[in-house]
Structure formats: structure tokens, C-alpha cells
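We call the chains A, B, C, D, E and F, going by the order they appear; numbering starts again at 1 in every chain.
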Amino acid sequence: MKILVINPNTTASMTRKIGAAARSVARPDTQIVATNSQDGPASIQGFLDVATCVPGLLEEVAHHPDVDAIVIACFDDTGLDAVRSLVSVPVLGIGEAAYHAASMIANKFGVITTLSRSVPGLEHNLLRYGLAQKCSGVRATEIPVLKLEEGDPATLDKIRTEIRAAIDQDKAEAIVLGCAGMADLMAQLSAEFGLPVIDGVAAGVTFAEALVSIKLGTSKIGAYSTQ
Amino acid sequence: MKILVINPNTTASMTRKIGAAARSVARPDTQIVATNSQDGPASIQGFLDVATCVPGLLEEVAHHPDVDAIVIACFDDTGLDAVRSLVSVPVLGIGEAAYHAASMIANKFGVITTLSRSVPGLEHNLLRYGLAQKCSGVRATEIPVLKLEEGDPATLDKIRTEIRAAIDQDKAEAIVLGCAGMADLMAQLSAEFGLPVIDGVAAGVTFAEALVSIKLGTSKIGAYSTQ
Amino acid sequence: MKILVINPNTTASMTRKIGAAARSVARPDTQIVATNSQDGPASIQGFLDVATCVPGLLEEVAHHPDVDAIVIACFDDTGLDAVRSLVSVPVLGIGEAAYHAASMIANKFGVITTLSRSVPGLEHNLLRYGLAQKCSGVRATEIPVLKLEEGDPATLDKIRTEIRAAIDQDKAEAIVLGCAGMADLMAQLSAEFGLPVIDGVAAGVTFAEALVSIKLGTSKIGAYSTQ
Amino acid sequence: MKILVINPNTTASMTRKIGAAARSVARPDTQIVATNSQDGPASIQGFLDVATCVPGLLEEVAHHPDVDAIVIACFDDTGLDAVRSLVSVPVLGIGEAAYHAASMIANKFGVITTLSRSVPGLEHNLLRYGLAQKCSGVRATEIPVLKLEEGDPATLDKIRTEIRAAIDQDKAEAIVLGCAGMADLMAQLSAEFGLPVIDGVAAGVTFAEALVSIKLGTSKIGAYSTQ
Amino acid sequence: MKILVINPNTTASMTRKIGAAARSVARPDTQIVATNSQDGPASIQGFLDVATCVPGLLEEVAHHPDVDAIVIACFDDTGLDAVRSLVSVPVLGIGEAAYHAASMIANKFGVITTLSRSVPGLEHNLLRYGLAQKCSGVRATEIPVLKLEEGDPATLDKIRTEIRAAIDQDKAEAIVLGCAGMADLMAQLSAEFGLPVIDGVAAGVTFAEALVSIKLGTSKIGAYSTQ
Amino acid sequence: MKILVINPNTTASMTRKIGAAARSVARPDTQIVATNSQDGPASIQGFLDVATCVPGLLEEVAHHPDVDAIVIACFDDTGLDAVRSLVSVPVLGIGEAAYHAASMIANKFGVITTLSRSVPGLEHNLLRYGLAQKCSGVRATEIPVLKLEEGDPATLDKIRTEIRAAIDQDKAEAIVLGCAGMADLMAQLSAEFGLPVIDGVAAGVTFAEALVSIKLGTSKIGAYSTQ
């Protein structure tokens, strides 16, 4: 099967990291097409970026009509409803996929994201998906998305600090990494803290494979109908 | 004061009707600037239109920097969070304003909107605003937005049928008209059914005046900060 | 238009302050009639005062039959349902009005009130209005209502301490001043903390003006019917 | 022990019926003092009656200082918070007691009350108590409270019709009789419909006995403190 | 009347303590039959114990067919739904009974339990009963159930520490003791902290007496039907 | 990988059907071990069966220690928390898996199950998982589980009737088949009604594969810890 993984920002280095993360978990016979918006914000942090990245995202969808599933590789699940209205294959946001995965392996999960101003958008998503009650809290590291790309050790330490607080203070039993740019940290942090650490790209790709395997696509009656 | 009322679709006849509705309720010293997106969908029905109308909406905001408040005249409150992230004046969606008005004059309100596929988006908004529990139900007339412009008597009859059902079956005590294109029906239907009927344009403009009068603007810390 | 602003306690100095706050934000052509209960508690703090102030409040309503709107100037919104059952003009509680105003300019708002024993009543109101999920928390300063009248600088410092905590710990993006006796602090604290600070009297009066402008009154079917 | 059962309306025939219902379930060594307000509405239907009956209710409380528990025999639980703020013995509303009893013997319970305009107040109570999710619906018979006193067979038929609908349509597994004036129907309707039918007076009195037996009174810190 | 009080673990010393607590609050004419599972876990801490103790619990129910009510004396309310499906007399869990009692005497109650891994199960119960919103928090002392039997003074100190935190930090107005093994501490801690302290065995037995007195049993239509 | 699929009832014909459904969707390199309880109820309908099937289920878990994931093939997700407390591999209930799958392809999903007395248990699960708000309703066909095994055409017609009602009345956009015994109907009904129809066995097996692929297991801190 062919899965389109769209990074809705324009930063190609993130797209490469996302593509690598996707391929490292996909089945041997799954083809990952990793792409990014050609136009729009370089990173997605807060409501304005969420809104302005959508046209570029929709264009990527239009350019790849022959795919079996689509993964939107932005943790805000930006444009998710709009893309679902356009196609009939399964469409997953990496935030949404990560929350669902976490819900099936832990009683409560914590989310570690980038800037404080991204937190309300994630909280709105959790409310809409119904999973707010499974979430012990969304914590911001105050690391901008693109800073994650630089590989600064201080960055990882800030993430560690918030994971520790999520476990000790919020009683999180699993951790969701709230940014596509953290996709490479899943294994390392899971070993270090002794609990499941979930990357949305991994969850999104494997759940997309699961849905395609059982021939489920986006419902075309009601919310996502085209009539 | 100067209030920018933006119709985020491109249908100029709707913009004229919205502008007239706004002016008919505004204070004598309020200047209404009614405008619409130059580019985007002709009407907004469902998630895809909601997403694609945002760039045109943001452009209108950018073209009118010297206003005291902004009203987004689409009942889906499209782009509301994004516009709030751009400016520091008050920004109101007409859906949001109508729900708040209805909450202050009735125990439960019903919403009458256009197509079924617009209902889930409105329900998401009600959930986010916290006002879902005040809403007795969102009912669709299955009249497309632009059909409302034609003044067909059969159209009004469909609206009447759903208002009657909202009162009798859902126990609505007030009715919110869920489309900017219904702005001219408020007085007539209120008299006919003997209960408050609320148009979002009217509520949005007068609430904007209220907030400006008491010097309240959009908070610039947290969700709508620019940092 | 004529707006009746009723202080449901018997402290005339508070009524004067409330009346001044109301007039300072009202339109030039709005007449503010500020009055208070002739009989009942001197301040309203906790459930017992809320109940016992109602007869005096209803008498004031009965003495002023020819008004266009009524504002109940007690942050507990005491007697709100009862007054709505008596009249067909709009009736707003200043707590309710402040929460709605705050909901339209910030993602989350904090409330600063007087005594701890007033907190549960405010939380019940937020739950009923649906706006509990927009509230980051209700904080008590432990300053009795009448102490606010004395203008002691230590009083203001306690309010400042709780506002700071609401912003830093609770992530409030706007502050609602939870007592009619704080009506004169809105501008000063807003400037000082760099975020919207909302006084319920100001919100109640201007929202009442808005509802009257668009000819909306209390629904007389269902909860507030007289049959 | 001595239990004060207060009918907060002024209709003595209802008080006699309530007193008889209370005595018929009380322990042999429990003394029931049944009284009613000396001043106020003749029946309590809707928000206005709920508010205006409180002074008379509080006077009855003040006249009977030496009781072990208080039951407020109005299904709206009128004045419950105020009375709790006055005393340190247990105080139960018959609505509240009936909902708690129903919650312990059925998965979902339905409520049958008098007029439609009483429904919103009951729904607010259920929301506050947390028990709305256990309630399959509140149904109005449109029988005024005092009409119940007349013993008209048509009255009982209306109650039967709504019980049947609650079972068949709402999936109620138990029925709560939502008016003190229905206290004598509990056994008859339970036998007839083959499911538990709960009268609030019976639940209130026996739960009061239970709380007194285990030396529990109203908490005097927080919401019901007097400081 | 005869009330069967079942300790669903196999520790006879706990059963004796539970039986004594039950008898100390029961009416003179109530016969308490205190028993425990013959087979299963020695204490119930976490989901695995909750599940594995059920067969032993159901056997005890089957061995005592001629009782008027059943109290399940495990704070997790283990097997509650299953036992209700087996019998038509009232069946109360001590957790459930304690939460309902606390809801009627305080605005918010805190729960003090044994191990952290028992907390999620209690939170699930509170959610199901609808009473989560009345609960200010569930706190774990990290004292294993059987350690409570040893009467170590350090044990009581840990309980005191958490009660203090529940009052000061969580604003609890009453305390529910979240383990049948704490049944003997109710009076002492209530006096010490000046607020109601509730033991589930006491609440369960007296509420069972109340329900039997008014002839209410488990509904046999719907969730607990046998058809 | 090796996935243990446990039918917690003792009906071998259902186990064969479940095993076949599992194998038909599993990856080529996934080994499905389909088994059932050796002791317990022949079908699981209502709370009593849910409780009594757990010992047999736990024994099957103990007999198969070397598996990579476990799927509990009963739509009530019976014993889910207990099994998670026993192992560290992923454990999925087929109800839970189906709800999560449905949530990712539709705005609202309906559930079609067997007997009415199974409905409350499913509703409790949806509440706990947070997904009640995504569910448009749970409908019972009143077909006993084992009747499904007989292949009677009238049985399928009853299922069809409820699916039609779920779409038309409840606005379901996808259908979840609420019984492991319906596993073979997924494709047929999906084609017939033109919307996604989800079988929990298919969802459970493929989601288990997804979680194993990305090395996620049950969290062993908090709710499912063994300490």
C-alpha cells in the first residue's frame, strides 16, 4: 500500500526526519511518500500557523490522488477535517493517532509539546476527540519547533524535565511526544523513563496500515460528505 | 467606533445583506465596514469550505488595520482563532455571539442551520465554547446558503418547520438562526413564534460595541499571543 | 433606554460605586437607575446571604416596572432565575455577563473573588452556564465584601497576589473581578498586568444595551414562563 | 431522634400528607415534626416560587432548633444550600434524596414531575449533584401541584402515561416521583409497573435516619461554613 | 431485617473488624451476617484483585439467599453489577454508599485510600456514579491494606498527612475513608480534623436499612434483568 | 509476531469464527492463536456473564505466556483491566479497538449489539474510554449471542433494521458491530449501507499489530503496575 505522509510546514529537514520515522515502522510492502507544503509557515505553532498552512496541505493532497491513506504529520492535526472532506481513504492526524494509541496502553497519558501557545489548540483537539479525560495534562517545553532540529543537548534536557513532572505530578502512565520533530526520541526516552513514549508519526503510519488492511475509509455520509 | 464585518465567502449580495443588518442595529456613531473575501468559496458549508476561506479572510483583516473590532460574519466562526492571534482588538464570530446572547435570555436555545454537513462543525464550536449544554439541538433545513438569497417562499417554510420542531420536540426557548444569510428574518420569525429569534450579525455587532465601550480587547497572553 | 441596576444588598455606598461604574460605560442616551434592597443582608457572601437577599431584590424589581433591562449587581447572580420569571425584558447577572465577556476575548479566564465560602456558589453558576470549562479557577482573596469599601492598600495587594497566581499557575488569559465592590479596579489592574480585567457591572450594562438594541428579551416559554 | 420535615409551601393538606408519609417509614423511635411555611406560595412550581418560599422555610428552621436532622419536603430542593449554611445537623432535600436512592438500585432512573416550567430547575439540580448522567429524563405531566390533592382519577392516568413512556422510550429502570404531593402513590405504582418507584419523602426521612445513626452532620468548613 | 455484609477478600481479621463496625451502627433489630470469600486474594488492591475476588464473592451471595440486603465491603465496589444481576434485594458497595453519604453533607469530599494503583479504579467508579465532580481528589497513602491491620502508629500518621492535604490543597469539606480496613477510624479522625469523616461500612449498612425500610430493591428491568 | 485472541466464553464455534476473522486481516507473518475459556458462560450478555467469565480468561492468558499481544474477543471488553495488570504486552478489547477505529474515520459512530441488558455495560465502557461523545447511540437487536451462530436470515434483518435507524435517526456515520459473533458481516453490510462497518476483531488484531510494530506495550506504572 501507499501512504502519503504530509508535513504541512515547509521545512524540508523535518520532512526528511518524518519520512525516515515513517519508513522505520512501516511494513515492508508499504510505500511511504513523504512530502511537505510548498508554501506556508516554516513551522506550526499556535492558531495562526494552523490556519495558514492549510492551503499548502490541501495542494499536496491534490497532487497525490492515488494513495491508500494519508497521514498529516503535524501534531496539531491541522486541516484534518478538511482533508477528510476531500478524500475517501483514511486520513489520520499524528496527534489524534498518538492519543488513541496512548489510550489503549495506559490509563492516563501526558503530552509534551513545544510552545505554550500551542497548548490550547491541543486541548481543543483532545476535547473534540473525547480523550481529554484520558490526558493527565499538556506540558510545554518552550522549545520552538525548529530549535528541535538543531540537536542541542539542552533541548533534550528540557523535554526530560517535563516528562519527569508529567509522571510525578500529573500521574501520567505514558508520554505522547507532541511534535513531529520529536519523532526520533521515542525509543531513547521510553528506555530512560521506563514507560511507553509515543511518537505520532509512528502511531499514524501503523494505524493507517491497520485501517487500510481492514478496508476502512473515511465515511462519506454526514460530516465528511461532499454533498 | 469602526467595526469591520467580514463575510468570509465571496458572494457580494450576502455581504450587502450582512452590512445592512449590521448598520440597522449599530449605534449612530458606529461605522460599519462590510467586506468579503476576494478569493475563496462562494458559500461556506462544511469543513472544506471552512478551511479554504481562511486565507481570503486573513487578507481582509490585513487590509483594514485601523478598526476597533472585527466581526466574522460566517456562522461557522471560521478563522476565529487565527484572526484573534493577529490582532488585539475584540474579534467575534457571529455563531459565538449568537450563542452567548441566547444563553442570557433563555434556558435552552435551538439552532436552525442550512445543510446537514454543516451541523458537526457547529456542534464542535458549541462544545469548545462550553455552550453545548445550553443548546437543545442543531437542526438542518437542507437549504443551501445561496438558495437563501433567492427569496423563495418555500425556503422560509422549511425554516418555519424546523423552528416549530425545535420548540415542540427539543424544548427550545429561543432560536438562533444559523446562517448569516438569514439575518433579515429575525424580527418576523420572533413575532410569528412568540419567542426570541437571534441573528448572529446583530448579536456580533452589538456585543463588539459593548466590548469596545468597556475597553476590552483580545488577550495577548496564552492562546492568542504572538510570541 | 432605561436600565435598572439593582444591588441586592443594603449597603448604599456600594450602590453608589456600582451606579458610577454603570454610568461611566453606558451610552449617552442610556439612563441608569441604581438602587438597592431596602431590607436584607449588608453584603452577600455565601449561600445564606444569596437566599435571604432575594425578597428585597424582587421588591426593587416590582418598584421599577418601566425599565428596558435589569442588571443584578451581585457577582453570585442571586435571584437571576426568579427575576427572569417576573419580567420580559432582558435580565443579566454581573457574574454571568462577565463570564460571557471573558469567554469572547480569551481562551481561559480566572476569577478573583472575596471569601472562600463564596467560591462554591460561583462554581455552581459556571457549571450551569456551561462556562466552567473556560474558567481556569476561582480564587478567594479572603477579603470580606465590605472591607473592599475601605480602600485599604493591603486589600489591593491581596487581589494582586491572586491575579499573579491565576496567570502563572492557572494559565488565566483574562481576569474576572468577582465582586461588584471591585468595579473601580478594572482599568488599573488591566494596565498593570497586561491582560484584560473584566468588571461585571461594566459587562452587564453594555450587554444589556446590546440586547435591548436588537430587541431581545427574556424568553417567556419554558423555564421563565408564567403559566 | 427528632426529624424536622418542612413543607416550604403553605398548603396544610400537603403537609399532613407529607407527615403521614414520613411517619409511615420512620423508625419506631423517630419523632417526625411536620410543619410548613407560614408565609409564601401555596405551591412551588418554577423559579419564582422556589425563590419566594425561602424566607418562610428559614423561619421554620429557626423555630425548631433542637432537631437531629432536617428534610426539605419540596422536590425542587429549594433553600437546601441556605439551610445547610444555618445548621450543623444533616439537611436533605427530597429531590436529592430520591435521586441518590434511585442511583443505588438502578442503572438509570426517570423523573415524573408536575409542570413543564419546573423541569429546568430539576435538571439544574441533577447537574449540580452530578446525577444527570444517571437520569434518563425528566417528564412533566402538566398537572399543577394542588390538583394532585384533589384525587381526580384522570390525574393518576397522566402520571401512568408518563411512567410508561419513561420506561419504554427513555429506558428508565426506576421511577422517581417528582413532587411531595405524590408521596402516597409509591407502593401502588411500583406494583403496577414492576419496577422501583421512589418517593422523596420516604427516601429523605430514612436517609436522614441513616446519617444521624452514624453521627454525620453538615460539614461546617467550606461551602456551608458560617465564617 | 438481615443484612449480608461480604468482605470479598479472604482475611478473616478484616471481616471481624467490618462486622463489628456494621453492628455498631445497625438498628437493634437488624441482624448483621458478616462473611468473607473462601477463596481469592487476601486483600484487594488494583484491577487484578478486583477481578479475581469476584467468584468467591458470588459464592457467598449464593450461600445466603434469605437476606434483605447485601453490602459489599470492599471500597472498590468489586462485583457490584454482577451481584445486582443475581438478586432483587438492594445491593450496596461501601465505596458507592460513602460517596452518596458524603455528597449529602458536603459540597466536595476527598477520598483517602491505600495504594496508588487502586486510585484509577476508584476514579472510574466515581465517573460512572456521576459523583466525580463532587470529589476533590483521591489520595493514596501507599499503605497496603493488610498493613492497616497491624495498628502501627506510623500508619495513622500517613492517613493524617493526606487528610490535611485534602483539606488544605484540594478544598475537601468531608473525608471518605477509602478502605474497609479503616472502618474503626471514623469517629477519631472526625473529631481531630473538625469535619465529617465517612466510613463506607457504616454508610453502606445504614443506607441498606433505609432502602429496605421503604421497600426498595434492585430494579430487575434493564441493566440488572435476568432475561 | 504472535497474537493471542481469546474468546472469553466457552462456545468453540464462535472461537473458530473469531479466529478466521482474525487470520483474514492479519499480516502474512502474524500468527493468530485463537482460544477460548475452558470454563464459564457459553455467551456473555450482561454484567453477570462479564464477571463470571474472567477466571477462565485469566487462565488462558496464563497458558500462553509467549505472545506479543493479546486481543480479548468479547465486545464488552471483559477483564481488560485485569489482563493489562498481568502482562506487559499490548492488550486490546475488541469493543475498545472498534470504537477507536470508528473515531478515526467518522465524526459519529453507532453501535449495534445483541440484548438490551448488554447496553449499559457498553455505555459504561464508552464513558470510561472518553468516546461516549463520539457515539450516536447503542442499539440492541434483542438477538441473543448464540442465535447469531445459527445463520437465520431473520437475524440479519433485525441487524439491518437497527443500522438503518442508527443512520437515519441517530445520524451515525459509521457502524460498529457490537458482538464478536458478527465478525463475518463487516464487508457485506458496509457495501449494502454505503458507510464504514467495523468489526472489533478486525480492528483489535490490526491495532495490536500496529502497537507491536512500534514497540509499545502496556504501561507498568500506575493503574497496571504490579507493585
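A few comments on the model shown:
The working rule: a contact is a pair of C-beta atoms (placed from the backbone, for glycine too) under 8 Å apart; a residue touches a chain by one contact, two chains touch by 3 or more.
The UniProt protein names, listed by chain, are A, B, C, D, E, F = Hydantoin racemase.
Every value quoted in this text rests on a predicted model; they were computed, and no experiment measured them.
Of the two chain pairs shown, A-B and B-C, the one joined by more C-beta contacts is B-C. Looking for a copy of the E-F interface in C-D, B-C or A-F, one arrives at C-D, which has over half of the same contact pairs by residue number. One simple way to say how far apart two chains are is to compare their mean CA positions; for chain C (Hydantoin racemase) and chain F (Hydantoin racemase) this gives 51 Å.
Each chain gets one centre point, the mean of its Cα atoms, and the points for chain D (Hydantoin racemase) and chain E (Hydantoin racemase) are 27 Å apart.
Between the CA-based centres of chain C (Hydantoin racemase) and chain E (Hydantoin racemase) the separation comes to 43 Å, rounded to the whole angstrom. In chain D (Hydantoin racemase), the positions touching at least two other chains are 107-108, 116, 119-120, 127, 133, 171, 222-224. Chain B (Hydantoin racemase) meets chain C (Hydantoin racemase) in the complex at residues 25, 27, 90, 92, 96-97, 100-101, 103-108, 129-134, 167, 171, 173-174, 186-187, 190, 194-196, 198-199, 202-203, 206-207, 209-211, 213-224. Those residues of chain E (Hydantoin racemase) that touch chain F (Hydantoin racemase) in the complex are listed here as 46-48, 50-52, 54-55, 58, 79, 81-82, 84-86, 116-117, 119-121, 124, 127-128, 222-225, 227.
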